[in-house]
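Consider the two complexes below, in which subunit A is the common component and subunit B and subunit C are the respective partners.
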Partner chain A sequence: MAAACTSRTRQMMGLLRILRNFSQNERLLSTSVLRHNVASDGPPKFTPPSKPVIIDKTQKEASLRRFLSPEFIPPRQRTNPVKFSIERKDMIQRRKVLNIPEFYAGSILAVTMTDPHVNGNMNRFIGICIQRSGKGLGATFILRNVVDGQGVEICYELYSPRMRKIEVLKLEKRLDDNLMYLRDALPEYSTFNFDMQPVHYEITGDVPVNLLKVKMRPKPWSKRWERPKFNIKGIHFDLCLTPEMMEHAQKWAEPWRPYDMLKEYDTSSLEEHIFKEVQENLRK
Partner chain B sequence: LHTPVIQCIRTHRTNTWWDEHLTEDNASFLKKVVTEEYKQQTTDKLNPLKDEPWPRHEWVEGSRRVGLVAVKLGMMPVWTKSGERHVVTMLQVQDCHVVKHLSKEEYEGHTAALIVGGKNVSPFHRPEGYLEVFRNAGVPPKQKLTTFCVSDNAIIKPGTPLYAAHFRPGQYVDVTAKTIGKGFQGVMKRWGFKGQPASHGQTKTHRRPGSLGPGGDPAKVFKGKKMPGRMGNIYDTTHGLKVWRVNTKYNILYVNGSVPGHRNCLVKVRDSILPTRLENNKNPPFPTFFADGDEEIPEDLYDQDMFQFGEPMAE
Partner chain C sequence: MALSLSGVILPKLMQQRAFSVSAAVAAIQKLTRVRVVDNSALGNSHHHRPPKVIHVYTKNVIGKVGDRVLLAIKGQKKKALIVGHKMPGARMTPRFDSNNVVLIEENGNPTGTRIKAPIPTHLRKMEGEYSKLLAIAQRFV
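Presenting the complex of A and B:
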């Protein structure tokens, strides 16, 4: 019996060896066949192997723009931080119900409010955001538009219960934070069509900055925008003011301001803490 | 027979502070011991049922109950359900304890009184006599002490803690505090006089009081004539302020409008005495709100008309 087994195994081994040789021979055969065919066409074109596509799912969140709405940052005061944390809770609760998107001074927004005096109860207004002011729950933003030749500015409260929807039609920044000088600029810079369609903007990367320099109406203006305290970069001063007037305006310059240590307010660490807190609570 | 001889007692005036003759280790040890003692005392007083509590009565019309001492945190906007915007002051009740009870005879009045203390404070910079009152009550020393006139059925045992849930939304409240000191002020700011015009020939007279009274007949200036002087830094009360919201977790009262005093100042809060607001103050937690665990109160108590931020959008 044992002898029979061993003889069978020997046979199997022998078969396996033949098969292996066969496969090797086939391979040899195959390559030789290819070479034989290709040699007639020319040297083979080098086709590089396909690169493996790495989908970094972890990177998506990191590349998103980190934006903390400016009303979350508490002002420099001697108040108890408990007050700010409680206000922030209320703000986050409101944000869970109403989506308040990211926007800057210079972006074009469409705001829908409830209005008891209108037939359909809703009131939609489109305009360019001139300024964002106020901290905490009383944060406001002003939208400006020119309707039928009349300039109209409406100040909206972000956390008011009458707000229904805030849409960003065009997200962009301007050269300044405060665009109040649009009141003294030519009306074409403040007119926006009410039927404007939203322009696509990216969630990653930097916000596009509009380097537009605005042309002004003849003086007198509502404020002396050429003075250095306003620090406006978005007006084309060369067209409306002479170099002598610009120099005269520099008399009101306060060159010691950037070195005033008592006016320093470093918010970077505060911003990080508050950003993390807000992101955590919004996800809950 | 000896006549009583009064001997003169020589006293040493020691002007040292608590830290001066102590080593650093001793000072830090004392600080630690004091904070632990405070914690122990507050936890002891959390359950008034443990040691012979005084009887609790029901609220009757005409009975007056205690108030609270709170810290003014800041201000915030508040919206009603119809969309109107009101401003609200946040008052936080930090470590409020009843410190002493004075009966009618002791208080020399027609009503009994309860002395209530506010924020906890370190014992090192206070005189001994001040600290004695708190030692008798078993309570850490407080920064502000106020007396509340109280009817006999609203007496509370000294040492009980008082919480913000003592007031409920919809109630009306009077708030007393020391106003912000403005220093020596002129007559226009202090008394609201109109002053004189800026131009049209006025010689050196734009903010002056003008005439001081009638002429030769009295030939004097009456007492109490409004004149320039020190303004502010006096106790003043704002009456009839509505309570919009009560946060039981952080013990914060949201009180309508503005309140005298600067931020983080101590403030006396009491049920309103205005006759038109007595209806809103019916059936309050009497004599006070006890956190024994009998009633489960939600973290935030809102007024009926107030818009709550977590609500889905309604009209």
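Presenting the complex of A and C:
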């Protein structure tokens, strides 16, 4: 108690000394004195000023979802950007002929392609898109389905002249971009009926995310999906792995990865630019 | 059941151990375990060892879809035709989750009477040699 008193008086003395040295500022003195007097109640709680709410009535509420297909974004390479712009021109030319809709890994698609070995020339396949890879005209996507108990995957090229029709039966996203783990999951997660009817989806707002967590077959798997390198959120690990195994997998974690500046590739400005270019060229 | 859903056929002893099986490296080669896909008695009867490839009849020792191979099933040698493998092939062609094979005679006639599993359509190129096999196939992908 005595110590507290002496400390308080010492503080007051110091304050007075400071005030004597600097030019007297009325406001400064009053607030500091107030603060020391109210020290027992606690400092006054900081209330942030209320944010102004801006209601933009000029824009319509329902606006089309902005989607740029990932194969338009050029990779970070030492090639001449002219190559990418020429490729984009060809891609837009192809898109004027064939409608390539918006889809993500996890959407269910029906693809019709020309096949000389089928009478009628058309071959239709339905499956879930497990991966979208490749940039430019060589962009591909893999559809997976389980047909008669046999798992089948077909890798289609988006811009191949053999592609006749791409329909999205169900547009949705999953928790991951790459669903290769479906190969080691129970077959019920990859089976889709060939007579499936298209499910209606909104063209405005966000794409629905399917928060499904998939049950896996017993190990060994084709890849060690529990390792942090794959960063998979869509597997129900609690059912197939013990906490010790999960911890053991964390040994391969590379926590410095998100901070690696040399691996940074900011595509936001590129995306804006390319999106505008694609939109205006498609309209022509 | 000797045949598991994934198509990777592991004998029961190996299923009890944590036996590491590497992924498909080069389609079908010697000593690969295959899955017989037709309804022949030889292919579907249970044996303590899975059918294995002992020779591939190609210029290079890798077997792809449409190549003939020699299998060892139930202690006997039998020729077969590869109708699907786990290795990804050409772009618009299907990739199967198991290495599928159809038993065949010397002249190219299939041993079984029905093939329930899906067959890739580009196998139709060999219409002349394996026309009977394509006729008994029920599903093309």
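Please note the rule applied: the second predicted complex is superposed on the first by the 222 of 284 C-alpha atoms of A that agree within 3 Å, B and C clash if a C-alpha of one lies under 4 Å from a C-alpha of the other, contacts with A are read in each partner's own complex, and residues count from 1 in each chain.
Simple rule for what comes next: a residue touches a chain if its C-beta (ideal position, glycine included) is under 8 Å from a C-beta of that chain, and two chains touch if they have at least 3 such contacts.
Here the structure is a predicted model, which means the values were calculated and not measured.
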Worksheet item: Mind checking subunit B and subunit C on superposed subunit A, clash or fit?
Response: fit
Discussion item. I'd like to know which partner A:Y189 touches here: subunit B for first, subunit C for second, both or neither.
Written reply: neither
Worksheet item: Which partner does A:F72 reach: the first (subunit B), the second (subunit C), both, or neither?
Response: neither
Item to complete: Answer with first, second, both or neither: which of subunit B and subunit C does A:L137 touch in the superposed model?
Response: first
Worksheet item: After superposition on the shared chain, which partner residues are touched by A:R162: those of subunit B (first), subunit C (second), both, or neither?
Response: both
Discussion item. So in the superposed three-chain picture, is A:Y104 touching just subunit B, just subunit C, both, or none of them (first/second/both/neither)?
Written reply: neither
Fill in: Touched partner set for A:I86, first subunit B, second subunit C, both or neither
first
Item to complete: Mind working out whether A:G151 is in touch with subunit B, subunit C, both or neither, as first, second, both or neither?
Response: second
Worksheet entry | Per-pair minimum CA distance [subunit C against subunit B, superposed on A] in Å | 9
Fill in: Residues of subunit A contacting subunit B in one complex and subunit C in the other
157, 160, 162
Discussion item. Applying the document's contact rule, which stretches of subunit A touch subunit C when the two form their complex?
Written reply: 113, 115, 117-118, 123, 125, 140, 147-157, 160, 162, 183-184, 187, 217, 219-220, 222
Worksheet item: In their shared complex, at which residues does subunit C touch subunit A?
Response: 5-7, 18-21, 23, 84, 88, 91-98, 100, 116-118, 121-125, 139-141
Worksheet, complete the sentence: Given the complex, residues on subunit B that touch subunit A span 71, 73-74, 76-77, 79, 81, 83, 85, 90, 92, 247, 250, 252, 263-264, 307, 309-313, 315
Response to the item:
Touching subunit B in the complex, subunit A uses residues 77-80, 82-83, 86-87, 90-91, 93-94, 96-98, 114, 121, 136-138, 157, 159-162, 164
